[in-house]
Amino acid sequence: MDIAQILINTLVRAAELSLLAIGLTMVFDILKFANFAHTDYAVLGALFAYVFNRILGLNLFLAIILAAFVTGWVGILIDQAIFKRLRKIGAKPVTLMITSMGTAIALRNLMRLIWTSHTKTYAIPLQKPLEILGARITPLQIGIIVVGLLSMIAFHLLLHRTTFGKALRAISDNSDLANACAIDSEKMIKRMWFLASAYGVIGGSMIAMEHLLYPRLGFDIIIPVFCATILGGIGNPYGAMLGALTLAFAENLILALDLAPLINLGGLFNVGSIQISTGYKPAISFMILIIVLLFKPTGILRKK
Amino acid sequence: MPLLEVNDVVSGYGRTDVLHGVSISIERDEIVTIIGPNGAGKSTLFKTIMGYLIPSSGKVIFSEEDVTRLKPNFKVEKGIAYVPQLDNTFPSLTIRENLEMGGFSKDSEALRQGIEIAYSTFPILSDRRNQRARTLSGGQRQMLAMSMALMTEPALLLLDEPSAGLSPKVADEVFNQIMSLHQKGISILIIEQDAYRSLNISDRGYVLALGQNHFDGSADTILNDPQIKEAFLGG
Amino acid sequence: MRKYALMLAITIMCLIMGFGVASAADTFKIGGLVPITGTQAVMAEDLSTGLKLAEEEVNAAGGVLGMPVQVIIEDTETRPAPGMDAARKLIDVDKVKVLTGGFSSGVSLPIAKLCQSKGILFVVGPPTSPLFADVGDFVFMMDVLDKFKGKEIVDFAVGDSGKKKFGLMFMNNAFGMALREETINNLKAQGAEVTTDVVYELNKVDYKAELQRLFAKKPEVIIGTWYAKEGMVTAKQAYEMGFLEVNKVPWYCPEMVSSYATAVKEIPDALEGVKGLTPLPPGLLYTEKFKKKMGRDPITAYAAMNYDAVIMIAMAANFANSTDPAKIRDALWKIDDFYRGQSTGGDKRFVGGGVQGFGKYERTIIKGGKIVPY
Amino acid sequence: MPIINFIIYLLTMIGIYSLLAMSLNFQVGFTGLINFGQVAFFCIGAYTSSLLVVNAGVPVVVAFLVAMALSGIFGYIMSIPTKSLKSDYWAIATLASGEIVRLVALNEAWLTAGPFGVMGIPQILKDLIPKDAYPVFYLLFVIACIIMVYIFLSMLTNSPFGRNLKAIRDEEELCLSLGKDTQKLKLQAMIVAGTVGGLAGSLFAFYIQFISPENFKPIETFLMWAMIIVGGRGNFKGAIIGAVVIQLFNVSTRFLGNYVPLGSDSMAALRMTIIGVLIILFLLFRPEGLIKEKKKVYD
Amino acid sequence: MLTIKNLEKRFGSLRALDDVSLEVEDDSIVGLIGPNGSGKTTLFNVVSGFYEKDGGEVYFKGERIDGLPPNKIAKKGLCRTFQVSKAPEKMTVLENMLLAAKRQLGENPFSALFMRPRVQKSEKANLDMALELLDMLQLSQLKNDYAGDLSGGQKKLLSLGRVFMLKPDMILLDEPTAGVNPTLRVQLMEAIRQLQKMERKAFFIIEHSMKVISNICDKVYVLNFGKKIAEGTPEEIQQNEQVLEAYLSGA
């Protein structure tokens, strides 16, 4: 077992996941529903970035920023067209959740219609790994961890230092009272969608850089993102980060764990190495999710 | 011309009407109390005035302007402030942040001044400015809620059961505070369920029952009317 | 009520209009099953092109029994149920007597059973599961069985590297698991040791934990196979984790083209020196035609199998002078000696159970961003 | 007539899906349990019955019953967390449990043959029915099952038991205050739904005669949801109508390719886009679906 | 019938119930009054099992019931209504009434399927009883309307009807007359008193209207700040200094 490598892999994955989880948790916090389309927004943004980067030849960094901006508006647009109407007729959160599932399917296939199912990559060269403490890490991965960290700090500052952030927290606490404080909650919700989608795009583009990009990607990453979000306690941005870390660590650790010493009990039995089949890797996040939900339904960090 | 006029308002939740044609009015510099049993529609009336609920008929007129369909946040900007009954602060925000939220529409200079005023009026808020609002006691919470509402420098203040859950002593303090606000020239509309204390400081009162005006008149009339006393004041 | 009656009416209209067109004209129809959507959709365009190229070529040469050939392509969505929808539609609505194509064994196997029971000829394109051989006499295969491929890759890897400790990484589906089983059997027969045996789920974006596991017991040689998407991600991550250093631990892949066709273009440096088998070269004729039609190189060699399948079906029908599936079936056994195919080395002779017995695999290596003969 | 064969095939598949949609509607429309793991019942039913027949040589009837029982038991297991979880958390947990069931089928190859799937599932009563009439026979069998399930579920939902379920859906606390053991009721509802789902799975397995884990991906659950949203929740006619609409739509778009100048990839993408949009439009503008929940009127 | 000993309930730092002890005798009507936020509804929620207590004991008919889930408590014959009446949106008034009926055979899926004649017979009996009650509550013309469409007062009446359907030994009523029109209110009180006399049921009522309380209650408890500050007959309570100070504040 190579602890250093496991830790590095964990950090990279956690950085990507938590950027996505934050947007999800924010929407849940304010609008009280789980947005199944969230990762598809992220992928849409990553595809925009691909267009800007590969087709218009923009610098990748600029391309992602621009894509985040554009997708932020898409998030607002979808909210105005769909979710706002449902809010107006007082739909239950569950209805919103199912609607977001429909939105996810429509959006994902629309992307396929436009960009085809083929995989895409950004114009970045292959990374040569550096060796740190016996573990390998690429400059891009360091970048991802740094961007992840910076985004988290930025998010924290946003929530606690800006009027907008405070207003968001206020709406999350008590939206009626927020209205009585002259806070235009619809306007704040618009900005919140912009922010959630934009953060998602940063996460999505980082996944696209580090791994691959294709229209179905959103569906392939939604479960771990949900898992991280719930693990940390839905509606809590710090929980989302912690959840992402925990999940990433568990995924990397559990496959590396050798259960034999546990069963042998110091020589009582003699079993060769017993490891969980890698075929069950996708089940790890599910199992963690279910176990957490069963024993601590509010997640690791209780909300507020 | 009254400051606020509610004209024959029919309003409610979804398909169920709670108010069946309620009319009230408040002049400038008045304290008015609305009493009535639970379920009479008092809170619904406030929510309709504030714009959380849009009436199916009737009008809400504030400063000679029809504001019936205005959203709550715009009403606040027009000069109506509202202190809800129990959930009237943001528990996870600090006291300072709560005050900032109260003055959300103000620019930073006005905001700073407003906060200073709030601190000087209620020194306890100043002492605990960086603590979260959920740590406050009931009376302190009520003071914070009122300070928040005052941040917008309103012309009219709506108070939903300001003494709910408070001990008599603290409730007295709250009512003293209401008096001093009134002296600063703010008109005040209070909902109370058991309303001796608030009627005592009020100019006029309305009695609401089953979503309709039941009675109105000066505070003394109401306090001394034996029928009302028996039916609504629990005496 | 009115609304839903209207909707039903519209849907039924669509169906009837579909029926109307589908049963037109005097043509020889071949059903082509292609995974247009779903997990294998990346190769769909190539696979369809393989079918269409053959169709054009046959028609240019006069068609079948004087009739033009029409290949009707249907989407299997890479899932068994819609695959079944597609096959049923082709057989029952379009009235095709011959089917070809297919991709996943899991999707194509129930279709093969259906064809056998209905007396429809199914010339399976790319799938390689040995289970097809047992279905019956109406089912033929254009690709070489996993059994041959497993032996071939083990011979290559053991002989070439001279090492005995193997790490395996195969995808968790019918194709991957069959190949894995054959590989393990052959390795054992050669006295080699399997240190780690990793199976992975398709359509994930992170395979670092699997790679970590693969290398945990210090294997000396790696054998593994992927599809384009997973091949790209795994190669990239293995390289970044320092696991793809072929001079230390050589990598062998039984399916070079389908595993690395995308990756070799995007990240050639990472894959430099990876060796493996290529069921090619597709005949120059095919590659050129493909290039002319699509303006690019083919991604996958499997498309050539679809091409071969259509050509052989047409030849057999002409030879039998009939469009009856049973007669075409018999004719297939007679023409296979004469046909030089475009896939798996060109030899398209069937052996027992209607499977390919003599396909050749070329040993290849990735050099300078290209898969070249080793 | 081959076209008739295709229509019979289509109707059979619609029938199987409408069973699944009815089972889901029983959970969602009547009990208010938001189950995103409905496909698990389908999977367990299909695997249990086919493995029992293929590997253990159990008579088909017994295999069907065991399959229904096992998938009912899985319903029971799924219902346990409803005690402590809010409905949206539970929904996500069911999504996970549906996938776990599929992963077990995929990875426990000693039992399920893993990715290779279960081959050689025999046809029911093959020897007694002439080959040409078999599809019609099976269709009739499926229809008979639908009628039985329809009557069975309608009897349940019209009984005091069904009334309790509706009360849970609308006001769970009230139900508690009236002395109803809501947890037990949910559990019973999930068992009933699981049993029906298991039946659908068995019917599917013995119709297609080959099952593999690929049949049971989350997308299936999504299609079932589309059916009950379009058809209407809180009544079983809606589930059947929904299954008809969604399945016909799915198949008819195959024919649309003849008229619309789009590649097949785009066509398939368009089809799913339309289903997604359809769901959104229904939820926005006709939330009760094509068929409204029927008001129970006493005179 | 109901004995509460030293009951405590905290929400964070707030003591919602602080060492409350009280008793409700067999076939009596007991009132519970106190200002808003004094813990009346909390007390009901703890007694009926919706909240978990933080200390103390609750006995019903000599049996300890604290810690039991709400449905078990209701089954034992201790039923309640809610302050804001709950009305299942898509169930008719009559369905609501039938829902409440006790020990229905058809609640078990098996008997619902296989013992239909007997289920239908008990349904018929319940239906008759429900119609009778609806008549009394003047709701019979609304019997086939959705409960969600009723007005607040009508919902209150419906919730009373539901509780009567349960035939409990003791009923906790949370503001049964709020929002009900005055003529009906009198009838309602009359009904409660009759029920108490005829069927020997005990009532425990949260009320605001002193008139109601003094009309029908045998005994009254007063809560303030989660503490019991007084108990006695309605006349005694109206004279009690402490009560006047806290509850009637300055009158």
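Read from first to last, the chains carry the letters A, B, C, D and E; within each, the first residue is number 1.
The rule we apply is simple: a contact is a pair of C-beta atoms (placed from the backbone, for glycine too) under 8 Å apart; a residue touches a chain by one contact, two chains touch by 3 or more.
Since we're looking at a predicted model, the values are computed, not measured.
Visitor: Along the graph of touching chains, what's the shortest path length in steps from chain A to chain D?
Guide: 1
Visitor: So which chain is the furthest away from chain B, centre to centre on CA atoms?
Guide: C
Visitor: If I rank D-E and A-B by number of C-beta contact pairs, which comes first?
Guide: The comparison resolves to D-E.
Visitor: Quick check: how many Å separate the C-alpha centres of chain A and chain B?
Guide: Between these chains, centre-to-centre, one finds 42 Å.
Visitor: Take the average of all CA coordinates in chain A, do the same for chain C, and state the distance between these two points in whole angstrom.
Guide: Centres of chain A and chain C (C-alpha means) sit 35 Å apart.
Visitor: How many angstrom lie between the CA centroids of chain B and chain E, rounded to a whole number?
Guide: Those two chain centres are 31 Å apart.
Visitor: Just how far, in Å, is the C-alpha centre of chain C from the one of chain B?
Guide: 74
Visitor: Touching two or more other chains, which residues of chain B qualify?
Guide: 14
Visitor: Touching two or more other chains, which residues of chain C qualify?
Guide: Residues 37, 41, 44, 172, 199, 201 of chain C each touch two or more of the other chains.
Visitor: Could you list the positions in chain A whose residues touch two or more of the other chains?
Guide: 112, 117, 277, 279, 282
Visitor: Pull out all the chain pairs that touch, please.
Guide: Touching chain pairs, listed by label, are A-B, A-C, A-D, B-E, C-D, D-E.
Visitor: Across the complex, what residues on chain E touch chain D?
Guide: 48-50, 69-72, 74-75, 79-82, 86-92, 94-95, 98-102, 104-109, 112-113, 116, 119, 123, 127, 143-144, 146, 148, 162, 166
Visitor: Would you mind writing out the residues of chain A in touch with chain C in their complex?
Guide: Residues of chain A touching chain C: 1-2, 5-6, 9, 13, 112, 117-119, 121, 126-127, 129, 131, 136-138, 141, 207, 211-212, 214, 216-217, 220-221, 251-252, 255-256, 275, 277-279, 281-282.
Visitor: Quick one: in the complex, what on chain D touches chain C?
Guide: Touching chain C: residues 2-3, 5-6, 9-10, 13, 103, 106-107, 109, 114-117, 119, 208-212, 214-215, 217, 219-220, 241, 244-245, 248-256, 258-259, 264-265, 267-269, 272, 286, 290-291 of chain D.
Visitor: Which of the residues in chain C come into contact with chain A in the complex?
Guide: Where chain C meets chain A, its residues are 37, 41-42, 44, 172, 198-201, 203-206, 208-210, 212-213, 216, 228-229, 232-233, 236-237, 239-242, 262, 266-267, 269-270.
Visitor: Tell me, which parts of chain A touch chain B in their complex?
Guide: 90, 163, 166-167, 169-170, 172-174, 176-186, 304
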